[in-house]
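Going in written order, the chains are labelled A, B, C, D and E, and every chain counts its residues from 1.
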Amino acid sequence: MGDSDFSYVPWIVFTPLLGFLFQALLGKFLIDRLGARGRWFCGFAAVLVVAFPFLLGVAAAFKLAGMAPAMRGTMVTVAPWIDLVGFRAPLEFYVDPLSITMVLVVTGVGSLIHLYATGYMAEDADYPRFFTYMNLFIVAMLILVLAGNLPLLFVGWEGVGLCSYLLIGFWYKDHANAKAANKAFIFNRVGDLGFVLGLFLLFCVLARSAGSVPDGRFLSFDLIRVQLVNAIGANPGYATAIALLLFVGACGKSAQFPLYSWLPDAMAGPTPVSALIHAATMVTAGVFMLNRMYPVFQASPVAGGVIAAIGAFTALFAALIAFGQMDIKKVLAFSTVSQLGFMFVACGAGAYDAGMFHVVTHAFFKALLFLGAGAVIHAMAHNQDLRNYGGLRKYLPITFLTVMAGFLAIAGFPYLAGFASKEEILGSAIGNGAVVVRISGFVALFTAFLTAVYMARLAGLTFFGAERWRELPEPHAHEDQALPALMEDEPDPNRFYYTAAELAEREAHAAHADHHELGPEHKPHEAPLSMSIPLIALAIPSLLAGFILGGERLQNWLYPAGVKPGLLGWDAPPWLPWVSGAAALLGIAYGLRTYMKGLPADQGWDMGKWNPLRRLSADQFHYDAELMAGMSVGGRTVGLALSKGFDPLFVDGTVNATGYTAGALGLMLRKLQSGYVRFYALTMLIGVLAIVGYLLYASKGGASL
Amino acid sequence: MGLLSLITFAPIIGALIIALIPAEHVKAIKGLAMVTAIATLGFSLFIFGQFKPGDFHFQLLESIPWIPSLGIRYQVGVDGISLWMVVMTAVLGVVATGVSLYESKRVKAFMILLLLLETTMLGTFVAVDMILFYTFFEAALLPIALLIWIWGDENRKKAAVRVFIYLFAGSILMLVGMIVLAQRTQLATGHLSFSLIDVQAAVANGKLWAGALSLEVWVFWAFALAFLIKSPAFPFHTWLVDSYTQAPTGAVLLGVLVKTGTYGLIRFCITLFPEALPRAAPAIMGLAVVGILYGGAVAAVQLDIKKLIAFSSLAHVGFIVLGAFSLSYNGLVGAVLGGVNHGFATGALFLLVGLLYLRRRSRGVNEFGGLKAQMPVFAALFLISTLAAVGLPGTNAFVGEFLSLLGTFESGIAHTVGLSVGYAVLAAAGVILAAVYMLILFQKLFYGEPKLPAIRRLRDLRGWEVALALVPTALILWGGIYPATFTGPMQASVNATRMMGMNSANQRPAWGNSAQSLDERLNLYQGAEQVAPAGVHAQGPIAAYNAARPEDGP
Amino acid sequence: MVAILSVLSALGVVFFKNAVRSALSLVATFALLSVLYLTLDAQLLAWTQLVVYAGAIMVLFLFVIMVLNLSKQPALIERRDPKLMLATLLGFGFAGIIGVQVVTPLLPPSEIVKDPVLAPNGFGQPQAIGMALFTDYGYPFEAISVLLLVGIVGSILLAKRRLR
Amino acid sequence: MFQYAPPSIEWLTILPILTVVVTGVIALLIELLRPKGANGVAVAVSLIGLVVAAGFTVIGFARPEAETFAGMAIRDGFGSSIELIVIVVTALAVLFSDSYLREKGIAFGEFYPLALWSASGAMMMATTRNLLMVFIGLEVLSVSLYVLAGLSRSEEKSEEAAIKYFLLGAFASGFFLYGLAFFYGATGTTHLSGFADAIQADYSPTKGLLIAGLGLMLVGFSFKSGFVPFHQWTPDVYQGAPTNVTAFMAGIAKLGALAALWRVLEVYTGWQTTWMPAMIWVAILTMSVGNLAALVQKDVKRILGYSSISHAGYMLVAVLAHAKSPQTVSDFSLLYYLFGYSLMTIGAFAIVSLTARSGKEGTRLEDLRGLAYRSPFVATCLVIFMFSLIGLPPTVGFVGKLLIFNAAVQANLMPLAIVLAVNSAVSAFYYLGIVWAVMGKEQGEPKPWTIELGPRVACVLCAFGVLAAAIFVGPVQGWLSEQHRATQATPVLVSRG
Amino acid sequence: MNGVPMAAYLLLGLVLFTIGVVGVVIRRSPIVIFMCIELMLNAVNLTTLAFARYLPQFVAGRERGHTAVAGEMIVIFIMAVAAAEVAVGLGIIMAIFRLRDSTDIDQMNVLRG
């Protein structure tokens, strides 16, 4: 195991892997055998395998902190993976401040969310399956952040995509969930196309310039930085190409503009999933990757401008859409998209550390917000519509307080975590030399104001005002589905089917969980302890992270001066903290003032009464609908045209036509075979004449074939 | 009888014994078939153990004259390219036999044909003599056509005829091509020989095709056509759709059948026609890319599961062909690896769909739904196969497709094959399509509430079915996690193959030269030649590679 | 003269509607040919021709015609058949090609005619033929006997009444 | 008065033929002696006679090449090989004929002598370079076949086949004889060696005679072999004649005619620029017409008739390849293909003959339906034959085609090789049709067949031969070339051990 | 013996042969067709005899008598063959006549296609 110093680092990955295997293979068995105790044990194991790596990460972080800044990068090789003579991408982990920071975020926030999930998912029949996926996600995410080379990073990259897919579609009985899952996966795939191409191009550029790296580890991070300078120095165009291609990948994973629309749909998954994957960790992978590959991006100012512009646009666009959303999770989802845009603005401005800073703080407060929203949803019988909420603060005090902390943080209340990280982002962008980036910065600043408003809308509608669910009609009782008709007359020698008796027992065993719907009699109740603890635990860093990590502490940790050269400095205008603080306060004040009174009349159940702009915003400015319609209808048309038109006509057609031609020739010859002796004699005579005639002709030297 | 002959004819021996058992003893017949298949697998693993990875020559060679006057021999051997093909065939042989235990119609004939099919596949992969190769290559048509004809589904007759005629017509010109090769060998060396070793040796020193470029191009296309049809590449896939759709469940080996095509492309088309190769590669790669996109687009709208798998095969084969004709080292490894991977992946999918079909007698995508609740284990296994088809990292398919695409890209950047960058971009877009159609399939089968009452009565897979399905799925995962098991033995051969196709005359390695090794002439990165001309390194990369990882022996 | 007659009678074979007349004109052709054989100094063959063909073979023909009562059958030439035209045309073509390309070179300017035309020694004499038959041509002679045996057995087989 | 000097004679040369002829006579006597009895004895005698003849042939193999009977008979590797194949064909046909004829109600004992004599005719054609002898052999062969084709006298189609075959055959013989006359006119002899002398004399007026003679003789051979456009009798006669006769005829007529064609073209090699293009076109047409026409047929015997045309085309390719470059292309490809073709065709016809049950015979495709259920063994054999006819490895049909391909490529006749390849693919379609028919299900319960020893043995031998000859082609050829080396007959084969 | 050139005989043979050929194609009665074939054979005989008689001197290295005899042998054997053919051919015609009361060759096309 390579380096003795960090030889325990692989266990950061392996521990959740063991947890995954445990859940996958034994979870169901345990629960079937032990019942509630089995559940508890499964949940405990699931949390443990995420918490333990956190401890390892802390240890690694301290060890790194104790080393000289220049020495903080160690490759831990575990085993060969892609292992060709000319190209090796081993299973190797790169331990440096960046990866360890992410490890801490992932495992820290991850273990809290796991803990939360043990409460949130407690009643679900597929409890172990949930933790199977969750643990697998942690594995993939840790591979992503710890990966020592780009292909391995891609493994994690796709792995988290897979888990995201699985978890979005976790409640499999509804096709809508599956469709959302598919959408997430496919949008990510589009991004991956760019990522992979960027990777290829990078490889080619490196391989060309290097001629030969003895062990073929072209794409390992410890070597990339060294090689890249030579390689790209000659071809700056390549840097832009690689950077933009990689950024396409980041767009997919981090839900940036053209590819953002999977993320709101991904809210179909259970709320802990949304918190962990679609807010705190996976979606920030794009920012992480930009940090990881910063030399490439750094070499291309063009790419930087593009990234900043797209980031800013996404931030604004998503923030606007958030105003039109009524689903509590959708609001948060668009807020996530918007916040991710902020991070990209930072990266585009060259302030990679600011991006990372926001990744970390965002992980805290957005996870917190999601978990809080989860608690609300939990309390409200899985109803997610803001219009049904209101006045919840007295029922859910812990949730209320923690969510308020998160709200203030994200809104950029001065000196809270969000304010600190946003401050750096805005500073880097507005202080940047490039015009595009600077405009992006101002857009982001405006978006920060919007953020405060729509978050206040969420908080206000949820926790203040009247208890609107009281006005709901009485829910209908579920009708039990009849058992399937028995087909005893069908023989079943291979015992493929349950017999009637077995079926009855099975249906009884899977007695429906007590589904109840939201109705006027509903009484919200505070979440169990397992859910409250994570809320509290996340509220603290949401409030304080700015103090701990701000003030260039994170920057010095990730990008110590002199070790990682060329990081752009910036010259933030001195008025910025005041302006942004004011914007945040103004937004909060305006938002709360508007929404604490309850649901405004123009945002009620009747969409017709909405402001047209808000309707547009609710519909994501038609972007998603048009895109999906275009893609699915267009794709279907093309596919059907090929399948029903081209394939039978040309592919099959040529084959059939050949056959028919041969058959037709055969029929013609068949006609010639008339059965008349004299006709046969006649053909023979023709043949004689032809042969003899030809021979005599040819013998005079007249012909050749 | 050498080891390779043993494995090749082991299934036939089993079949002969089965032929002696009266047809009424169904259990004995099935048992014996299973034993035979497992024994074959055992032999194949033994061969795997015997194989020496660093050597690009044919190993475990056996050679007996067959038609001496024409220099045709019974000559078999394995190299790195065929080794995994053999193992794959043996593995899928077990799977195919296993799922065929459900067969109830004319069991004896079925088992005999199945084992016969396995022998022909194995023979195709181990044959070194061209005519012997052709023999096995074509002999496979008999069992395939009969299996489809007798045990297939509703349109089996058309499918069987089409498979047979199409494949037969496709490859017969190759036979003429082989003869031309042998004759040219005789011209070049004075010996008439159909042995690939001799022919390639004559190609390597440039004598074989000296001054016969147009002939070379023609013969190349005769070979390429045969293999593209068998693979099948884009416009030649109609037989595949028919046969996949109509084949009985036991015909998991169909997946191997198409591998004989891609194997042939790599074995013959790349090694024997160095001058024709760069001229033809763009066209063939173009077909491959069209196949990838076309297969994906068409698969996405299929309502028949097996048809969907067929079109997805078309797309996957596209990656293999693309990688092979990128003529880059990584691409070629990707192609060889892709062949093995896709074998396992399609094998698994075929098996699982077959198990489903056995239960419901339906292939309609829309006639299922809600299976995840009903058959969770099945769903998990199916998911793994799906992911392999999607090419997700962690499954074997990823490594192969990744390397194929990387190789294609590389060759485009290095201008080996000019259009390759475009091809790589389009092909990578094909990966998106793979996600589209496979996920839609998965969704329609597994998500939602069970629509039909009969589905609510379905049991999950039985124990031995799970065990059977675990064989390929485990290999799918293993190939994704530790691909070195697969790539390790094939590297030397792949490298040699590439140099046979790429280097100029007399610089090409020759199978015929048994003392030759590849060090010092290695030149892996196209386009890097200007910077670091071949032979500069005192220690060649392979030596360095071996020195770096001495513990990774067989 | 003989030649013209033989041609005419040969035409008769083809163009007589009645099979008996055809046969009789064939007999005439054979007889005329035997005359020609005589002019070629092939006495033995001339006589054999008369005996075998005009005698034996044609008798058989006539016998069969009588037995089958073919003379009563209607004319069996369709006048309008394009086949007839085509066949005649092809016949002329055939004769033309062979005549021009093969026979013309053998016309008088060639050496053959310059040669004093004397029959070779013993030409057409039974002795020479007999000698040849029993020496050099013994093997084909035996083979012919097989053929005749085949003819006999075959005709018996075909003419036999039904199988037991 | 006659100086009768018995010429010195190598009796061994014609001993196989003699044996066959005498066996025929004995068989005839047996038939005469016990006209009411079963024909078992005749079968036995015929088989014994054939075995003895085969023995003599093998003995003759090792002897040096010889020409005897004043150049009327020759013994060389090629001729002896053809003789052997003829004997095998005859034996196989005789084997399954008895039960077929009985089932069909035409158990004429004369079948056996006629078949044997017919075989002797083919053997005569193969073992001579004298055109007169070729002609006589041709007639012995044909006349017997005319009779045999009409064996089933109560069947209209049998008689129709006989008369078609007879009239057209005699017509073709007429052309052949005219050609023979021309040859004689140009060379003064009927021996093929006269050609060389004539060339040497270089006498231009007779050149036309030689050419036209060749053309007319080609017509004769083409008719017997069934080349286009002299093929039209083939399907009719194959369909009409009794099945065992068809089987016999398919093998034997081609053997004799192709052997003679081979010898003639071998002599005319020097003039190949004149005739080769014509024959190439004949070959192309023959292969294509046979296959295309067979595609739309419904009767098994007719299909096989058309297929025999195309196979004749394949063999013509072998002949032409040898004639084009006799130095490099040996006779092996033709011999091997003839042998293989005979085996698979006779096997196929033997199985078709099994459909004859108590006087009725169904030879349409649907009559074969359900064979796989009635008798899996027979069905397996038929499948083997069909796949061999297609040319699928590892069967004799494949190796045969391989050899022909090789010959064609060696002789630089690529177009022919390609046409052959395409045709093989086309042919697969109708052969598969037969296979499918066999595999198909019959209406009602399958009625198992009892198959008599004769056809059973014939099927087994054919099937075994089809596979074994492909797998052990090396030893067979080794043995043959060993004999060749002993006789120094044909150019040594270039090979690498 | 006379001044008639060989070519005359050849021409006559050719004409007779052609008449026979044409007759075969245009007549419908098998008997007559058969007779036309006999005519062809006779034409061949005539041709052969003419060759034998005029003894092509140009044939190098062959003894004249030997050559001439060869021609006569051809004729004799053709006659014998003709006899055998007639026996069999007429037998076939008889047999077919017994099956159906007509010998129109154009009615014999059960086998076709």
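Here, contacts are C-beta pairs under 8 Å (C-beta built on N, C-alpha and C of every residue); 3 or more make two chains touch, one makes a residue touch a chain.
Since the structure is predicted, the reported quantities are computational estimates derived from the model, not experimental observations.
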Among the other chains, which touch chain B and chain C together?
A, D
Both chain C and chain E are touched by which chains?
A, D
Farthest from chain E in C-alpha centre terms, which chain would that be?
A
With chain centres defined as mean CA positions, report which chain is farthest from chain C.
A
Quick note, more Cb pairs in contact for D-E or A-D? It is D-E
Chain A to chain E: how many Å between their CA centres?
95
Cα-centroid distance, chain B relative to chain D, in whole angstrom
43
Taking each chain's mean CA coordinate, chain C and chain D are separated, in whole Å, by 30
What whole-Å value do you get for the distance between chain A and chain B if each is reduced to the mean of its CA atoms?
34
Return the residues of chain B touching two or more other chains; collapse runs of consecutive numbers into ranges.
none
Hey, what residues on chain D touch two or more of the other chains?
132, 136, 139, 143, 146-147, 150, 153-154, 163-164, 167, 171, 182, 203, 206-208, 211-212, 235-236, 297, 426, 429
By the touch definition above, chain C meets two or more other chains at residues 83, 87, 90-91, 94, 98, 101-102, 106, 111-112, 136-137, 140, 144, 147, 150-151, 154-155, 157-158
Touching pairs of chains, all of them, please.
A-B, A-C, A-D, A-E, B-D, C-D, C-E, D-E
The residues of chain E that touch chain D in their complex are 10, 13, 17, 20-21, 24, 30, 33-34, 37, 40-41, 43-44, 47-48, 51-52, 55-56, 58-62, 66-67, 70-71, 73-74, 77-78, 81, 84-85, 88-89, 91-93, 95-96, 98-100, 105, 108-113
In the complex of these two chains, what residues of chain C are touching chain E?
3, 6-7, 10-11, 13-14, 19, 22-23, 26, 29-30, 33, 36-37, 39-42, 44-45, 48-49, 52-53, 56-57, 60-61, 64-65, 67-68, 70, 73, 76-78, 81, 83-84, 87-88, 90-92, 94-95, 98-99, 102-104, 106-108, 111-113, 115, 117-124, 128-129, 132-133, 136-137, 140, 144, 147-148, 150-152, 154-155, 157-159
What does chain D use to touch chain E in their complex?
132, 135-136, 139, 143, 146-147, 150, 153-154, 156-157, 159-164, 166-167, 170-171, 173-174, 177-178, 180-182, 184-190, 194, 197-198, 200-201, 203, 206, 235-237, 239-240, 297, 302
Sites on chain D touched by chain A in the complex:
163-164, 167-168, 171-172, 175, 207-208, 211-212, 214-216, 218-219, 222-223, 228-230, 232-233, 235-236, 271, 273-278, 280-282, 289, 292-297, 426, 429
Okay, in this complex, where on chain E does chain A touch?
21, 24-28, 30, 33, 105-106, 108-113
